[in-house]
Amino acid sequence: APGLSRAQAPTVKIGLLQPMTGGFAGDGDLARIGAEYAIKEINDAGGIKSLGGAKLELLIGDSRSNAEAGAQATEQLKADGAAIVVGGFASGISMTATQAAARYELPFIIDCAVSDALMTRNLKNVFRFNPSFSMAADVALKNLVTINDASGKAAKTVAIVHEDGLLGSGLAKLMQARLPALGFEVVEAISHPTPARDMSNVVLRLRSLQPDLIIPSHYFNEFVLFARTLQQQRVKPKGGIYALFGGAASSYRFVKEFPEAAEGVMDVNHWGDPKNPTNDKLMQAVQAAGKFYAYNAPINYSVVKVAAQALEFAKSAESGAIIEALQKNEFDSGVMPYGKSKFDATGQNVNALPLNTQVQGGQIKVIYPDQFAQAKPKFPANG
Amino acid sequence: MKKNFEFIAALAFLGVVGIAAIAGLPGNILNLLIFMMIIALTAQGWNVLGGYGGLSSFGHAAFFGTGAYTTTILQTSFGINAWVGLVCGVILGAAVGAMIGFLSFRAGLKGSYFALITLAFAEVLRILANSWDFTGGAAGMLVSINNGFAYLQFSDRRWFLLILIGFVACGLLLTRWLERSAFGAYLIALRENDQAAQALGVDIFKIKMQAITLSAAITALAGCLYVQNFLFIDANVAYGSWISIEALFAAIVGGAGTMLGPLIGSVLLLGLGEITKSFSGGIAGVDLVVFGIILILCVAFAPNGIRGFVSDLWYRRKSRGKAM
Amino acid sequence: MTMLKAHNLTKRFSGLLAVDDATIDVAEGSITGLIGPNGAGKTTLFAMIAGFLNPNAGTVTFQNEDITGEKPHLRARRGLARTFQIVQPFAGLDVRDNIAVGAFLHTKDPAEARCLATLTAEKVGLGHELDKLASGLTIAGRKRLELARALATKPKLLLLDEVLAGLNPSEIRDVLPIIRQIREEGVTILMIEHIMQAVMNLCDTVYVLSQGKMIASGEPRLVCTDTAVIEAYLGHGAAARIKAEGAAHA
Amino acid sequence: MLEIADLRAGYGGTEVLRGLSLSVGKGEVVAVLGSNGVGKTTLNKVLSGVQPARSGSVRFDGREILGATARDIVASGLIHVPEGRKIFPNLTILENLELGGYCRPKRVRAGNIEKVFSIFPRLKERTRQFAGTLSGGEQQMLAIGRGLMSEPKLLILDEPSLGLSPLLVEEMFSLIRRLSDDGLPIMLVEQNVMQSLELASRAYILENGSVALSGDAAELRDNPELKRAYLGL
Amino acid sequence: MYSPTIIFEALMNGLMLGAVYALIALGLTLIYGVLHIVNFAHGALLTVAMYLVWLASDRFGLDPYVAILVVTPMMFAIGYCLQRFIIGPASRGSDNGILLATLGLSIVIQNLLLAGFNSDTRTIATDYAFEIVPLGPLLLSLPRVIGLGVSVVTAVLLWAILNRTDIGKAIRAVAKEKLGASLVGINVAHVYAMTFAIGTACLAIAGGLLMPSFYVSPTTGAAFVLVAFTIVVLGGMGSIPGALIGGLLIGVVEAISSLFLGDSLGQIGIFLIFILVLLVKPTGLFGARA
């Protein structure tokens, strides 16, 4: 009977590796909302057609916000029968998790970890959906120069404030290497641990250095602490804050809770295409769950979509076939502003693109690139 | 007599695990076992100093991490063979142990003072490793994937597990020797009462130095093997307090100062962690709550570790048998 | 021959002068007593002789070698063993293993050490408690254990700090021959004791320490008639009793 | 005053007190003697509520106190000065005494301290000294003084002369006599058999966890069996 | 390299942050002084306190400083119950037992918080969070100035409790002589629990002081534990004045060394001091007499 055959339609398991506990658990939560939304959409639309309408089932692996548990959770996802794993979130976690997946040639698509080192290991099972550090830096610097030039070179000196992990240190190195050539003087690169107990000494240093622009990069809590301390110590660089993957600058939570500290902050980060209607729906879904929208939701929504398309192309839940499908095809990018996603020989999505946002009037507005822009940049932010 | 029985039982257990692995176990179980063995080895190292010597360290990460970084750096930056790297890692780990020991024992530290200073040393190393270039800084380091015995990496991880089992068995042998030798007697004596030990001609400084060096060497070995398995190391993994805690946890829960304690403890703790993971019911954290509660119950009902608990039961049954 | 010369020893504890220029000589083969009021500095003096405390001034000479700055374990290897007034058993070990720690000083062979431990235990009357945990022993048992452990190091000079305290008269009576026996086997003994009955019975020479200073020394019977010793230490009642006992024995 | 009947207690698998019965009357000094490890200290701990008993009964001042908490027992006036003094070394003499009156109302404290000082003038000289730095004899005085602060109706002294010089032993015994002359009943546990028997009115000899011999102190002193067994004569 | 004003300001900052560290260390040192073991649940309990302050503010609109008045007795009760009914009975006083029990407890607490509040960071917005107290050229943050004041007062109060009250004397007595304490009628288990309770109550104050300018998530407390241990050792385990002065000192060291070395490497300053103190004078600045 038809009813029976429908009930027996095979399921394919997709593993979602996210920090559900520990310091980054908030990010994991948002990611799950995005991923579940995508799964529901796909299943409602009839599942994976090339696999006889196979339904997707989401398996969640908790990386507990640390690299080691990340690897273990990946092993567990494999053992539980995941055909493909998406996620990873932080660079360090993604590093060990993808390594673990490599043992089984288990296809793994990284959602938002940015470290360049992730894609230099010749692991053919590993793909990255999101832009890498250097890709993002290119965009960030290009936009910065444009904005700055338009303002009549309001900003000349820059201070970098970053967390001392894989994310922040990588950024600092890159920026220090490239800013001088673009006519900026890097007066200082200040690193701090995660978690940080206090930012007042960092801010004190900034006050004595008086940079025109601050480029920070850290995770949510530290960004909040940093921005609040700046506000408290009355440090207002002329050019404002231009964050690169600045954890909180692209989170509505921060914007809503500290509107004053957030106003004017610019960020180059993963961000859903504001003109894509699905993005609005996702935003509502996040709100309905009592959370604040941030990039984790759209990006994981999209990466699950990519995984589903790969299954569709592969016509099989076999690792080899999925990997091949990922290597050979172009994909719809969900709500991300990537156009068609295409993975190169290293596994990097060559079309991945971060967006440049600015908090204006309590809203996070895309200001660059132009085709996604919702508002004009306000620069210098405190001019 | 009973010690012999224990020793043979432990070897038999390891043998069964090994055979089961060869016969074929799913990857996640294999992974769990590998991890159990690494922690068991780390805890065996801890046990020499903390269990037999009564010098509880909260900073065994200092040795674990040194072993791990040494072999990684030698392999990636100098292209040195993994086995040579492993030996160097063990030697350097032991050297770090000797250095920390020299400073703290000369200052006469013991009890919580010793615990805290080891913790501090591990933290200093962590901060340094996180900012130095030759340790890869915050980015950490990757060991490139090269399968083969010479690389101490195996596409089939059963081999790796077998090697680990071999090392853990060596750890057991070593502890067995320790329990019977003069060195062990001296070590236990200074744990129980260092004044009295001195009065009996025990050079407590020397014995402590030997103990911490040995202890550090074993733990460094575990660190080297860890890297060969995960192929990635950064400061938090290498020198983070989790490994110190895990080492001490496993040894104490299993039974500090006993031959089997570390092995029992690591199998139990990690096994328990795995089992409780299924309790979460969709709410993050619930599984760890269960884990924590079970741990507290363990402490409450097996104050001398599981090994002590079993022997208490044994003793009680025997004495009841006699009474009747 | 003088086995131990502890000359002009002084020990200060932040302000408190615990031992003040005290001198003591122990002849080889003798049993020498050290008595004095509570807090006189007897245990402190012992600790300096055994190397657990460094004197602020003075020298310790053992078998004609200056050992003043030497570590306790090295002195133990020379054959200088001590017991502790506050007993210090290895609480978690059984009696045999406790004593074996001492025995390991001369053999690295576990079986041999254990065998020696058993023999020593029997000598001090612990033969039937070999497998008992030290923590389960009574005070008397622990005192014997202290003695046995020290003996197992095969000492030349044995320092006994109040090994009889807390024992009742009949138990003291049992221990006295053991101490004598040890001396017979060629071990020189220096003992701190408050039980005058034992001091009178055992010692060839007695030193009296009071407030850190050596106030008298000599043959026990003579020392006990010294007025300063009676004032500071014995009290008139005890002095009278000793005198009476002495008369009775005579 | 104190009535113990068929008391049993022990540690883990071993029974130490095996059906022990004894009593202390008003105004009496009762000596409890016995070789090492016979269970005297254990008895005292059971009486003061810090060690559980297995069975039996302990009546004090007409009330059953077996199973009561240490605090209630102290409050009822049964005070135990333990073997080894157990003073608070990190507290001053004055603080030690103040804590002795922990279970008594604060208003009587000053008066009681004065009383203790009049008995032990040596303590008064050094109220601010840390107890841990006192000599053995002074510590013993402090321990007894602290016991007196709880306004005892019965005082249990566990080996008060242990480790004291002959002079101090003498002082200690005369002190005990003075306390008893003031009407305080005392249960005295001692190894110093001869002097204890001189002081006590009655005595119990423990053996194997129960009373082997008891009676008038003076009679016991002359008991040949006792002489052989416990005096080594 | 830095102007004197900046250095001075860093110093003041250090002092003020150090005061809050001191408050956390006060509880720890008190518990150490009696239980003789490092309480691993201290960080988790700090987190609990911060959540309680947050709840009081979020649900009942209480100002965080006012919330201290409500949260302190709650934390006191929590501390009391934990020691009396969980840590005490489970560990039976053995060092290893307490170590594992408190570690286990911290896992339980942290994850209960996670299950209950999820991992979102919570903050309290107050009008005065961004207020500054201008002191000459210095801009001192108002919440921190308040923190300094409250910490000093708390330390003095605590010291008075320990030295002037019966329960304080009992706490010190029990620390060294349990049997003796029972024999004067002190309920040892109760005193243990009281000590734990007082130590835990200090965290309520610390939580209230932190919340106006800090955030809380289930893992927040952990960041403070190691510093608190450092302070306890520096000041001398069990010493109240030691914890206060040690806290201020560590705050200053942290501020100065992170000003010159950066925040990441600057943390090394703390640990080097820690190691140095342990090696040279393990009893700390105010360590108890031997």
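Labels A, B, C, D and E are assigned to the chains in the order they are written; within every chain, residues are numbered from 1.
Note that in this section a contact is a pair of C-beta atoms (placed from the backbone, for glycine too) under 8 Å apart; a residue touches a chain by one contact, two chains touch by 3 or more.
Fair warning: this is a prediction, and the values are worked out from it, not measured in the lab.
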item	value
Co-neighbours of subunit C and subunit A - touch as defined	B
Neighbouring chains shared between subunit B and subunit E, ordered by label	A
Farthest chain (mean CA position) relative to subunit C	A
Distance from subunit B to subunit A - Cα centre to Cα centre, in angstrom	37
Rounded Å distance between subunit B and subunit D, as computed from the means of their C-alpha atoms	50
Approximate Å spacing (C-alpha centroids) for the pair subunit C, subunit E	48
Multi-chain contact residues (two or more partners), subunit E	111, 114, 118-119, 218, 264-265, 267
Residues of subunit A whose C-beta touches two or more other chains	21, 25, 28-29, 164, 191
Multi-partner residues of subunit C (each touching 2 or more other chains)	none
Each pair of chains that touches, named by its two labels	A-B, A-E, B-C, B-E, C-D, D-E
Contacting residues of subunit B [partner subunit A, same complex]	26-29, 31-32, 35, 130-131, 137-140, 142, 144-145, 155, 157, 230-232, 234, 236-237, 242, 277, 284-285, 288
Complex contacts: residues of subunit C adjacent to subunit B	50, 52, 71-74, 76-77, 81-84, 88-93, 97, 100-102, 104-105, 107-108, 110, 113, 149-150, 152-153
Interface residues, subunit D side, partner subunit E - complex	48-50, 69-71, 73-75, 79-82, 85-91, 95-96, 98-100, 102-103, 106, 130, 132, 146-147, 149-150
Subunit D - residues contacting subunit C, complex	11, 14, 33-37, 133-138, 159, 162-171, 191, 193-194, 228-233
For the subunit B and subunit E complex, residues of the former touching the latter	56, 103-104, 107-109, 112-113, 115-117, 119-121, 123-124, 127-128, 130-131, 245, 248-249, 252-253, 256, 283-289, 291-293, 295-300, 303
